[in-house]
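I am attaching a structure below and will ask some questions about it afterwards.
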Amino acid sequence: MKFQIPIGPQHPALKEPISLRMTVEGEVITDADIRLGYNHRGVEKVAEGKNYIQNIYLTERICGICSHSHSTCFVQGVEKLMELEPPKRGMYIRYLVSELERIHSHLLWLGVAGHEAGFDSFFMYVWRDREIVMDLLEMITGNRVHYAINTVGGVRRDLDEAQKAKILEGVATLRKRSEYYLDLGANEPSFVARIAGVGLLSLEQVISLCAVGPTARASGWDRDVRKEDPYAVYDELDFEVATADTCDVLGRVVVRIKEVLEAYKMIEQMMKNLPDGDIACKAPRKAKPGEVVSRYEAPRGENIHYIKANGTDKPERLKVRAPTLGNYPATVEMLKNGFIADIPLIFAAIDPCICCAERAVTLVSARTGEESVVSTAELRKLALARTKNAPVKRNAVWPL
Amino acid sequence: MRIAAFLPELLRHLFKKPATIDYPFKKIAVPPGFRGTPYLRPELCIVCKACERDCPAEAIEISDVDPAEKRFRMIIHNDRCIHCAQCVDSCPTNPKAMQIDNLHEIAADDRHKLKAEWIYVRAVIKPKAAAPAAPAAPAAEPKA
Amino acid sequence: MAVVRTFLYLLVYPGILFLFVYSTFCEWYDRKVYARLQNRMGPTHTGRFGILQPIADFFKLMAKEDVVPEAADKGLFNVLPAISLAVVTTAGLLLPVWNFDLAGPNWTSFSGDIIVMLYLLSLPTLILFLAAWSSTNLFSTIGGARVLTMLFGYEVPLFLAVLSPAILADSWRLAEIAAFYQAKPLLLIVNIVGFVVAVIAVQAKLERTPFDIPHAETEIVGGTLTEYSGKKLALFRLTIDIEMVVASGLLAAVFLGGFPGGPFVGLLHFIVKTLFVIFLLSLIRAMTSRIRIDQVVSFAWKVLAPLAVLQLLATILLKGFLS
Amino acid sequence: MTDAELIDKLKADLGDRVEIANPARRRLFLKVAPGDLVAVTTRLRDAYGVVLLSTISGVDLGTAFEIIYHFSTPEHDFNLRTEIPRDDPRVATITTVIPGAILYEREVQDMFGIVVDGIPDGRRLLLSDDWPEGQHPLRKDWTHDRPKEVIPGGQS
């Protein structure tokens, strides 16, 4: 029997709206299609009407999980446009937050992968330990999700000795736990049965479909912006690019845990070599006309911001590419010939951040801007009227 | 692969204290420096509008009430506020007129109830010698 | 008088009321154990330690709007929850806690009641399939197909595992099997493999992780129960709770030496032993991740079924040796 | 290979089909005519290992659209730029060379109303189904006025 099943726009496996349309025969997927556009906020258009300071916070809100990555990518570009030389201590703190964010993002993903596989205990334990890094971030920056620590020319908050000690202590605990999860993830039979050999993506496919980040690295494509284009502090740090060659979801789990372990190493180095001095330099409000391409290795892969300045305090054009968008074509390939049961795992394995990928289109107009309270009865009436006008469409086709 | 690889970890935690807390009844303190809700100290505000200009969410609104008396009104739209504290950074006075506290449980059933409003007379910048503690003008009480 | 007694038997103890209270307690216990294994708190607020939470959930669902999809087979869709509840409650009556009188077989304890019990415990699965199929939802349909596929996997190992102690005891009556093992407790050790197989099969029957494939929420939304809401969903959930109690009662009767000691001590035995079995079920649930449907079937036939056959062989050999 | 060496090599190889700028270390901006786009991309892929397309940016210059293809190799970032007239915005697809470009080309189609010739799957990517035809949000002449906030009860 051949039929199409819709995954999304609203589905328990998806934390954000996206639509995956699967054509399945029995339990096997024969074709997959992805449809975006449920989460558009028009960030690129809005950015053209805001000044550089405001845009830091705007870009931060492109993503909730890797918020620091977008704002750092933007700020890096703006600093180049303004020809600023931010002080070293500020840079260390900025990229310290980057690495902490990478840890938090990967642990979050690890928990979600467990949850998608129905391994809820794993999910609970990983997320419990993720609290440690969340608390560290809250302590350093003043908030748990949107850190708002970047400013043009440096960072906004300094670190003191007590905080440094706490970071090192937290990292030591987390390292122990991460090693345990690496061991567990590779040894619990029911979990391994679910993730090994699932969602295969060969190296040739990675290259032709331009996949990025851990998805690509799990297929042996060892590219990492931090290594190949070492921005700011990364050329002073000693780390390795984590790769795996199993090309499946298991490989992606292993790559992410290895990256987390590398991040602990980097944080310890940064804490040891934290220079003294200022944390920020004074920045002008306007940037000279010019253009810059800023790249940043976010937890999910390469972020790229293209900023064009026109001499005012607002950018002429800000183009944002979030890594998830780059992984969608690869996802479609991975889904083909999989089982229905593998959909959430394969899709989750790219660590999709849907609102990241869809940042950039329309301003959702709130029609009149007026708010009114509708009673339940009225709502029901409206819903009934709506159903009557649009009778049940059998075998409805996807409107595309 | 090991059968029941997770078992020791699970049993170890069976009688341990839970990691979660009973939230609305027990709370954990936020760390110092937490960015909560912004508020104004009207006795210090010189109405330079730097905060209004830099606010990414357009949550600060300053308008004239009575130009002759130099009376102004500031509304902080907490329903729009994104708690970035850029207004505090942008504020040029010393001590800062814009402040942020660590209140974070500010939910309300109507977003219009979240607006905070101050009507005040513009402060006059005093020479550096004068102590900043003395309020520059009689301040109006916050109405919100 | 007999009529009143029968009614009390059906409605109060051990009928619907007792099973309702005890099964909600078991759900609370399961949730609490599961939460504590995960270092969480579990339900805390409704009643002391949240003990009334499942009852509160039940009544909340009863009060919710009940939606019947337009394309569904309405008759079947509406009546199935009640039938499944009736079936498992009937199965509950057959447990040898309240029919411990060995000498007097009656309508709730007769030779062959173990077979009836197993049959009654298979029915909810079929009803779940029918419910899924009658709701015509795509996700339900996939869930229904999965329910049946899984049924073929675990049913045979369960039957083999549960029947081998009966063969050793040389009886098809639960009370007599229990009495046999109470007399010779050492023989329980022989059935340990069967017990393990049966616990895993019951886990699959109750559709709990790692066998929660028919309603795997991250794959097929609500699976079999996607379209159910309100009262019908409440009844289905109650069914699953009672099924858990009855199935663990069955395992306790067959593998853990039954419930000796008359009405009160026997009940105590029942509670302790079922809670033990439920603890094992919770542990399995916390320990594993959901596996795929093809993996379930191959696991059932490649691991569970051979183990069950091994158990059967061992039992038969032992029986020949003993006699 | 340093930037200068690479530029010399590219100049010798591609001749005057490209204008090369090098505003920062590792960053190369190559400007080509729209007609040469596919040929240059193919050449870059085959001879220089330029396979990772990061994204495609469009910029509305007022009289023309500028399309920038951001590629990267482990040593260099190639930004291939082409300009097409605003009144007839057509550009050839590069999905024949880089299959992963498909989503970015669809995005450019949505946002700027640029027609990508030969795109294998030209459906809308980001705009909603009921979005009116001919409206392209990232064009500079497309503006959106936010409705003023109205508070029930009248006070503001």
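Residue numbering begins at 1 within each chain, and the chains themselves are lettered A, B, C and D in the order written.
As a convention for this text, contacts are C-beta pairs under 8 Å (C-beta built on N, C-alpha and C of every residue); 3 or more make two chains touch, one makes a residue touch a chain.
Computed from a predicted model, the values in this text were never measured in an experiment.
Across the assembly, the mean Cα position most removed from that of chain D is the one of C.
No other pair of chains shares as many C-beta contacts as A-D.
Chain A and chain D have Cα centroids separated by 23 Å. The centroid of the Cα atoms in chain B and the matching centroid in chain D are 41 Å apart.
Chain B and chain C have CA centres that are 55 Å apart.
Spacing of chain C relative to chain D, judged by their CA centroids, is 61 angstrom.
Shown for chain C are the residues that touch two or more other chains, namely 37-40, 286-288. Multi-chain contact residues of chain D (touching two or more other chains): 151-152. Residue numbers of chain B whose C-beta contacts span two or more other chains: 6, 10, 19. Touching chain C in their complex are the following residues of chain B: 4, 6-7, 10-11, 13-16, 18-20, 22.
Note for the complex: chain D touches chain A at residues 23-24, 26-27, 51-55, 57-60, 68, 70, 72, 74-75, 77, 79, 98-104, 107, 110-111, 123-129, 131, 137-138, 142, 144, 146-152. The residues of chain A lying in touch with chain B in their complex are 50-51, 53-58, 60-61, 121-122, 125, 128, 131, 135, 138-139, 142-143, 146, 148, 151, 156-157, 180, 183-184, 187-189, 192.
Partner chain D is touched in their complex by these residues of chain A: 36-37, 40, 42, 44-45, 80, 207-212, 223, 228-229, 290-293, 295, 302, 304, 306, 308, 316-317, 319, 321, 325-326, 328-330, 358, 360-363, 365-372, 399-400.
Across the complex, chain C is touched by residues 3, 5-6, 11-13, 26-27, 114-122, 124-125, 128, 188, 190-191, 193-194, 339-344, 392 of chain A.
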